[in-house]
Amino acid sequence: MLKQLGAAFGAALIVAGATMANAAGTISGAGATFPAPVYAKWAEMYKAQSGVSLNYQAIGSGGGIKQINASTVDFGASDKPLKPDDLAAGGLAMFPTVIGGVVPVMNLPGVKPGAIKLTGPQIADIYRGVIKKWNDPLLAKTNPGMTLPALPITVVHRSDGSGTTFLFTTYLTMKAAHWASDVGANDAVSWPTGLGGKGNDGVAAFVKQTPGAIGYVEYAYAKQNGMTYAQLQNKAGKFVSPTAENFAAAAAGAKWASAPGFYLLLLDQAAPNAWPITGATFILVHTKQAKPADGREVLAFFDWAYKNGDAAAGQLDYVPLPPAVKDLIRKSWSKIVGPDGKPIYR
Amino acid sequence: MTDAALSSAAGSRRASPRGAAVAKVFEGLCFAAATALLAALGGLIVSLVIGGWPALKQFGFGFLTSAEWNPVTDVYGAAGPVVGTLVTSTLALVIALPIAGGVAFFLTELCPAPLRRPIGTAVELLAGIPSIVYGMWGLFVFAPLFSKYVQLPLMMAATPGSLLEKLTVGIPNGSGILSASIILAIMILPFMAATLRELLLTVPPGVRESAYGLGATTAEVVTSVTLPYVRTGAIGAVMLGLGRALGETMAVTFIIGNSHGFPKSMFDSGSTIASTIANEFTEATSPVHASALIALGLVLFVITFAVLGLARLLLRTPGARL
Amino acid sequence: MTASASKVARRKLTNVVFEAFCVVVTVVALVALAAILWSLLSQGVGGLNLDIFTLSTPAPGSRGGLANAIVGSLMMCGLAMAIALVVGVLGGTWLAEYGGRSLYGSVVRFINDVLLSAPSILVGLFVYEILVAPMKGFSGFAGSVALALLAAPVIMRTTEDVLLLQAATLREAGVALGAPLSLVIRSILWRSGTSGILTGALLAFARISGETAPLLFTALNNQFFSLDLRHATANLPVVIFNFALSAYDDWRRLAWAGALLIAAFVLAVTILARIVAKEQRRS
């Protein structure tokens, strides 16, 4: 038996040794879960064209920030933008890549997708446990002529920390003073009521299994699963549906040029068709690159993606950035430098 | 190796100093291996203490007694997850242990010979399914059935004010403490059943057969002969199961409902230490939050220490070896 | 007379209840197994095709398979089991034959039981701190070490239990022949305990083959095919974890197919190992 153990160990070492010879130069990134599908798509297309492998892994926004600070990856990714002070403290540069939205979904027998209209304060009251039934007079106000069932409302939220929760709770904080004082905004909060599902899928499953439930998921998830969603009232006072056009409207109206370090939330934008819970997702890189060659590959990849990736992003239900914003980002790359102090890209 | 070869090998090495050296080296290797694991756990605990220290320093003893877990205000109390961990693991063990024992006894004492191997392999296969599959199965298959056939009837049957009503308060959608415990029980069952069976097979046939020969029934053979024979190993098997229940993350996370307060009933949502870590660690950006999660991990180790220590005390009988 | 008759009747009744209980719980366990297997099969078989074994994990909407993850998982699990078997079998042997009765021995045994319960996510974090962070990069080696840390305690525990259950006469017979204890262990005790140690190893393998949490912070994952364990390495559990909860049907199909592959692989290894053990006992 010892001999067999030794043989197994030896074989494993030989395999390990053999793999040493095969050192492929790849660039790596990790972080937010939300953009992982589109980064995977871009990486696949980019590899076919350039031969460079860019390995992006979804470990969560918090993980992305930690890993780029620990320099275990070439770039980090986060749904939650870092404030300019935090960027400066970590020696990081940040730029957005694509835009998406968070959608309230529900299980209301007999109610069609988009038929129910909600406002931010109403959602806050539902998630605080103040509005307990669907036939509450407060909900009837925005839904005249609709008979909403007398079902009790079951609140479903994300159990895992998530950029989706960050956008959702930040939106509620902006719209409802009670929410801001009692709960607040973060990628995980202390929920006043309800139950937590793991991931978008967990939330969707609980919503589907519980008549009268309300939850919130990423747009791609609501769309691919044909879930019943609500129209939301935006800052302009209009009730809008969650569509790619309405996310783009929110992004187009935002003042990127005056946002230092691209720190910008696209929530509750003033544009007439803007979907109120819209957000960009961000890339983090070191401003001083210890390995300029790898850093250059990262920037080259995103430059390529801005030029060639819009169609692929659209197919996966992400919204590309407006061209003007892309130009701003490219300009901002001049501050990303190598050990010699010179910009590493272009 | 045949007996003859063995004796000749033994004979040739009896007097040689090389044989003695080999023996010394072998013993040294065994010692080193045992020590390596000790060092690994030591390192693990040291890294948890370092990581969790900021949170423990900030919240002090309140970390254990407070049930407030609020990532927004950066205030953390572990009482909810601690209680959830203890309740779900205990329930899972209570459910799984009799079943695992029954399966093992069935396979060793009662099962027709042609069925032994297939059923035994099937039970081991259950141990090989990734835990995320248990979670998804629990969420998509088990939860709707559990809600329809267990939760709703129980809640209907409960008279207002009765104990049953208190135990069954909640949302009847299949999630909660009891569901998580059942999924955990299903997960730890194959571990315990497979190990128990293997242990029972090591009972020398003569011992068992003489008991049968004396007229003992199957139940008596199991309870007074084979089970006592493998007692120490059986406790190890239970510890294997309990250990997995305490530390299981994915499957529980899917179905427990993940709220940080004290669970109020069997159908209420709760959380466990491991599920809280799994849920929040990847997104924990505030240093105190991350530290609180690592401190939770430390608490789990303390619980494990306590459980194992207690088991030892209870079993401190002459000759017991745990 | 009647007293003893009623006693016999009671013993019989107890036995019938006991046997019925054993049968019923076995059926219950098998039904649970069948239900889970059915979910796995009904969802997983649809995703199985040749691409699974030849192409790497795709982006949503592209053609792809799981080849990178299968190879990565095999390499890491193989290396992890090699490490864990060496440490676990030797450590378990030390506990059973050399130092088990000493204070140090009982400390090691206690620590090992604690490690059995270590939540895998904490083991992952620990390996992250000692290997990934200092070396500034995720690697398949780090993943193997994390998995080995989970597997070794299981093997150590079962090895010790199995060795201690060997009849003392075997040990004494060996020593009486003049063989040193180390030779007796290697030639007799390990040999007759192979089946039990193997069960421990299989349970350990089954446990690590589906573990996501310890790999998330150590091996990470890789979208592309690579044999280089020095970098982020693709593996089935993380792929399943990422894909299973995604919005895209093709990713979810791959996730279920991957889960089915892991279960099938564990089954295959279990059966193979049983055959090997049987052959060995016969020779």
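Labels for the chains are A, B and C, by order of writing; each one numbers its residues from 1.
What we mean here is this: a residue touches a chain if its C-beta (ideal position, glycine included) is under 8 Å from a C-beta of that chain, and two chains touch if they have at least 3 such contacts.
Just so it is clear, the structure is predicted and the values come from calculations on it, not from any experiment.
Enquirer: Which of line, ring, star, complete or other matches the graph of chains that touch?
Expert: Chain contacts: complete, every pair touches.
Enquirer: So which has more C-beta pairs touching, A-B or B-C?
Expert: Taking the two pairs in turn, the one with more contacts turns out to be B-C.
Enquirer: Quick check: how many Å separate the C-alpha centres of subunit A and subunit B?
Expert: Computed value for the inter-centroid distance: 36 Å.
Enquirer: Would you mind pulling out the distance in Å between where the CA atoms of subunit B average out and where those of subunit C do?
Expert: About 14 Å, centre to centre.
Enquirer: Which subunit A residues reach two or more other chains?
Expert: In subunit A, residues 59, 63, 198, 202 touch at least two other chains, as defined above.
Enquirer: Using the touch definition from the top, which residues of subunit C touch two or more other chains?
Expert: 86, 89, 186, 191, 216, 244
Enquirer: Find every residue in subunit B that makes contact with two or more other chains and list them.
Expert: 140, 278, 281-282 - these are the residues of subunit B that touch more than one other chain.
Enquirer: Which of the residues in subunit A come into contact with subunit B in the complex?
Expert: For this pair, the touching residues of subunit A are 59-63, 65-66, 80, 154, 159-163, 183-191, 194-198, 202, 205-206, 209-210, 213.
Enquirer: Name, in rising order, each residue of subunit A that touches subunit C in their complex.
Expert: 1-2, 5, 8-9, 11-12, 15-16, 18-20, 22-24, 26, 28, 30, 33, 36-37, 40-45, 47, 53-59, 63, 70-73, 198-202, 218, 220-221, 223-225, 315-316
Enquirer: Residue numbers of subunit B touching subunit A in their complex, please.
Expert: Residue list for subunit B touching subunit A: 68-73, 135, 139-140, 143-144, 147, 171, 173-175, 253-254, 257-260, 269, 271, 275, 278-285, 290.
Enquirer: In the complex, go through subunit C and note every residue touching subunit A.
Expert: 57-62, 75, 78-79, 81-83, 85-86, 89, 132-133, 136-138, 141, 186, 190-191, 194, 197, 216-217, 220-224, 226-232, 238, 242, 244-249, 251
Enquirer: In the complex formed with subunit C, which residues of subunit B make contact?
Expert: Within the complex, subunit B contacts subunit C at residues 1, 6-7, 9-11, 13-14, 19-20, 22-23, 26-27, 29-38, 40-41, 43-44, 47-48, 51, 98-99, 102-103, 105-107, 109-111, 119, 121-134, 136-137, 140-141, 186, 189, 191, 193-195, 198-199, 202, 204, 217-220, 222, 230, 232-233, 236, 239-240, 242-244, 246-250, 273-274, 277-278, 281-282, 294, 297, 300-301, 304-305, 308-309, 312, 321-322.
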